[in-house]
Amino acid sequence: MANLGFIGLGVMGGRMAKRLLDAGHTVTGYNRTRAKAQWLLDAGMAWSETPCAVAETADITFSMVTNTEALQNIAEGADGLLAGIGQGKIYVDMSTVSPVFSRELAKQVAAKGASMLDSPVSGSVVTLEEGRLSLMVGGDADTFEKVKPILQDIGPKVTHVGTNGLAVTMKIATNLSLAVQMLAFSEGVLLAEKSGITRETAVEVLVNSVIASPMVKYRGPFVLGMPEEAWFDCYMMQKDMNLALELGRELEVPLPTTAVTNEFLTAARGMGLEKQDFAIVFDVLARMSGVK
Amino acid sequence: MANLGFIGLGVMGGRMAKRLLDAGHTVTGYNRTRAKAQWLLDAGMAWSETPCAVAETADITFSMVTNTEALQNIAEGADGLLAGIGQGKIYVDMSTVSPVFSRELAKQVAAKGASMLDSPVSGSVVTLEEGRLSLMVGGDADTFEKVKPILQDIGPKVTHVGTNGLAVTMKIATNLSLAVQMLAFSEGVLLAEKSGITRETAVEVLVNSVIASPMVKYRGPFVLGMPEEAWFDCYMMQKDMNLALELGRELEVPLPTTAVTNEFLTAARGMGLEKQDFAIVFDVLARMSGVK
Amino acid sequence: MANLGFIGLGVMGGRMAKRLLDAGHTVTGYNRTRAKAQWLLDAGMAWSETPCAVAETADITFSMVTNTEALQNIAEGADGLLAGIGQGKIYVDMSTVSPVFSRELAKQVAAKGASMLDSPVSGSVVTLEEGRLSLMVGGDADTFEKVKPILQDIGPKVTHVGTNGLAVTMKIATNLSLAVQMLAFSEGVLLAEKSGITRETAVEVLVNSVIASPMVKYRGPFVLGMPEEAWFDCYMMQKDMNLALELGRELEVPLPTTAVTNEFLTAARGMGLEKQDFAIVFDVLARMSGVK
Amino acid sequence: MANLGFIGLGVMGGRMAKRLLDAGHTVTGYNRTRAKAQWLLDAGMAWSETPCAVAETADITFSMVTNTEALQNIAEGADGLLAGIGQGKIYVDMSTVSPVFSRELAKQVAAKGASMLDSPVSGSVVTLEEGRLSLMVGGDADTFEKVKPILQDIGPKVTHVGTNGLAVTMKIATNLSLAVQMLAFSEGVLLAEKSGITRETAVEVLVNSVIASPMVKYRGPFVLGMPEEAWFDCYMMQKDMNLALELGRELEVPLPTTAVTNEFLTAARGMGLEKQDFAIVFDVLARMSGVK
């Protein structure tokens, strides 16, 4: 069993740390708000006061934070992970951040004699808890092989996609379709509804059709009643869309459906729906159609 | 066992007629080109020289043709289905056509004392042959109940979605997502590829991800090698997109992702790729990205 | 002075007929609602009871109607223009209709021994009244030369753009930019306004900038107060956009900005703003931005 | 006559400095590459070795650089403008940069006891040389009044649009229409051309029509032959579009036509046309239409 660290114990990060504890590993954790990690401390997790201390203590440190800025915050400075990490250690970041920043961070980690992997997750809380989470990994093959068995304690499907930053790139390349598929789905539901089909029937047909991705199956029913708490809100979804659009401009790949859909996420925010699950693009389109 | 008729024995129609024959029904068929139906005649299907004659002979007549114009051709005129259909008979059209025209045709059928259902199929040749085809049905409930067992001989999942024209509406509302999902998928693959991930890896990750609808699973691998024969070519896909856009304008539903994607189908045709499977939107985007 | 006929005496058509009368020509008119033409009868215009009768009486007949369907109505049937037109006569249609239909009608006119020109106008009521209207003309060069001096009595700038149907094509190719420019202008105004610039200042700067087309100069101030009566309402504007999109598909020209903008005209209609001038796309975008 | 400084003496900046010299002002200049400023030194301009030295020498310092990063470079550090500016001095930045950065810089300038204005220009080299340039100004009213007569020596039309950063905002809000209008214009030309109208005729009609903004009049003829040197290349145009899109997200204003058009600028770059004038979006669309 390994000596692990985990920085960022929110909704996703906390549940990952729990799975690592359950698998029998030693886990030292850090979170900005300690209270939110109490359930993990109760479950046997050790505590460190700074990201730096976690990285000093653990052989392999994981992190899971909100965005590029938050990653920068835990990595840099006197209390930061970079200050604590050293020769032979491994660092695995599971956040969805700018691939450019991820690659830069990997270089800084390497300069300390340690190795970094980026390993963003694809899937939701439910998928994670059911132990069906997919993980993509970017970084060198040797480090990947060392960490692979531990990643499998988080989720069974672990794929090495290339060098540093490429897993997070692959995540972004996947996620743009989330919002686009949801908006196209909404277009279909509203066409059906204004033709005289009930919204319930339209949703039922679509979530059982050839266009029903796992995303459509999860979120399709949201147009019948949005969840009280967003699974992935407009702000977070737009963060990923912006990462995709930035990457598209840098790499010279036009992203027509991403670009158009992103403006509807902006509209959702403009209409005061920012905190809602991004499935709320349905409501934006419904209002534009004179529905409700 | 029922006394059935089948007009339009192409790739999909022919295989449906075959399933009806296999289920033990009597089937009288008509196709513009008789030679293409020879395999069905060899399997025991009877032949009629006109759509009119099929409708006179059969108690329940099915049709499966390319577009609204083709449906008009088999329905109207001295040799047409309307000339042959009469009191108490049932007519089931399985084509994807304009819902407005479908509803008008249903009225003309009703004026003859017969009943019409629209029952477009969702799925491909493979799904059909494996007996997993989904069918939506529009029309009155009584007629639906009568025809339901026979439709189940074509595919197991049969759903009554509403009155005349609504099944074809539901089909159109589904199909717009086919092209949109494919273009968004292409955006993701190209982002990954230009970042340095191999196209093979990108496709493998995406077809196993949360965005992998059955459509994405089928067509995703096409970007590694287009099929020699299109499953559903750009011309046909654009036909459905145009039906959706027409309906959107009539019903006042904005269709942003449909509209943008449709212009890429136009581009595919402008670039000489009309006969290719609509997955070729990948190539349009790849050329715009300077790939290949 | 010439012996002219004029079919369709609405807002634009009536004012054109007036200019022809003022220039000293004999004009025989027809309009579906005679009362609306009373002011022209008072000004010396003669009256005919049908389009057929106008075409029989006049050497050169003009028409100006709402759309392709309306043109079909005045052209076909026992009372229609085609029934009255004969050897050596000339017919000039000034409506914005489907170029395909315009070309077909030109063939039917030619079959009667007469010649047709399509000559849609570019500009508004104001431009027309000030005698500054531009006219494009499609048809053969000989007929063009014969009619040119009379067209110049309507507006001074008359350009022969090609064979039958091409003037109306050129009109459609121009008009798509009207709506696109208006939506882009609205994007700019809202960016400025939400940054803290007053809407008045934003409009003033933009209508004096490098993007200020005559259209932007006319309509820009509408975002400060819509006109009571639309100059060109959403329904009419969308009619022209649909003609453009149809043509684009037929000719295999992708029209990305046209397609996206058209969905905002649909949204305007969905939000109950159909009768407003198409500048109302500003309001659609404003609502999506949480403004007002 | 005033004691002025000018930092950034490229194509636009150099010509502005020349107009200030011609008006009789004393001008001290700085440019990264001194050689490019030789013609101004020959015309009587004084030279300083750093932005800092310019700001120390002059009462009012102007700057005109490529982008936000370049502005940061001349402003910060030991040699930077901020190090040299002091009590009672005025600084006028004429670059098109991030409004957020412009506002931050204004605060830093104020902390030194000086005042800043942002005054981006709207128009081209030609407009500038003809003395017809429009200038928008952001900043406090007192400083504006002091600088106004000098700005009028650059261009006659000077408008105070609001507080710091708002002039550059207004510039961005204007510029998004440049690219959108050009793409819509291209759609029209290609529709006309594939219908059988010559490209020359299409351009001539459009640049004389209701959609002919000064931008369309300048750039429309480019589709008949691109200029050897770009007036404003795809890279620069996309920089402004990105500033608009960033601002749209920050302020929650959806920018549908901007977003779609921007992907065609990306395509231009993907197709290797980055250095061309942004009118080259015509070529992108032409290739997608199978033209050329």
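By written order: A, B, C and D. Residues from 1 in each chain.
Here is the rule we go by: contacts are C-beta pairs under 8 Å (C-beta built on N, C-alpha and C of every residue); 3 or more make two chains touch, one makes a residue touch a chain.
Quantities reported herein were computed from a predicted structural model and do not represent experimental measurements.
*Asks:* So which one's got more C-beta contacts, B-D or C-D?
*Replies:* So, comparing the two chain pairs, more contacts are at C-D.
*Asks:* For the homomeric pair chain A and chain D, should the interface be classed as same or different, according to whether the shared residue numbers exceed half of all numbers used?
*Replies:* Both copies touch with mostly the same residues.
*Asks:* Approximately how many whole Å separate the CA-defined centres of chain C and chain D?
*Replies:* About 37 Å, centre to centre.
*Asks:* Quick check: how many Å separate the C-alpha centres of chain A and chain D?
*Replies:* 39
*Asks:* Go ahead and note the Å separation of the Cα centroids belonging to chain B and chain D.
*Replies:* Distance between chain centres: 53 Å.
*Asks:* Which positions in chain B are in touch with at least two other chains?
*Replies:* Expected reply: 248, 252-256, 260, 264, 267, 270, 288-290.
*Asks:* For the protein chains shown, what form does their contact graph take: line, ring, star, complete or other?
*Replies:* Contact pattern: complete, every chain touching every other.
*Asks:* For a test of understanding, state which residues of chain C touch chain B in their complex under the given definition.
*Replies:* 238, 242, 245, 248-249, 252-256, 259-260, 262-264, 266-267, 269-270
*Asks:* Which bits of chain D are touching chain B when the two form their complex?
*Replies:* 256, 260, 267, 270-272, 284, 287-291
*Asks:* Spell out the residues on chain D that touch chain C in their complex, using ranges where they run on.
*Replies:* The contact residues of chain D facing chain C are 99, 122-124, 127, 134, 136, 157, 159, 161-163, 165-166, 169-170, 172-174, 176-178, 180-181, 183-185, 187-192, 194-198, 201-202, 204-206, 208-216, 244, 247-248, 251-258, 260-261, 264, 285, 288-290.
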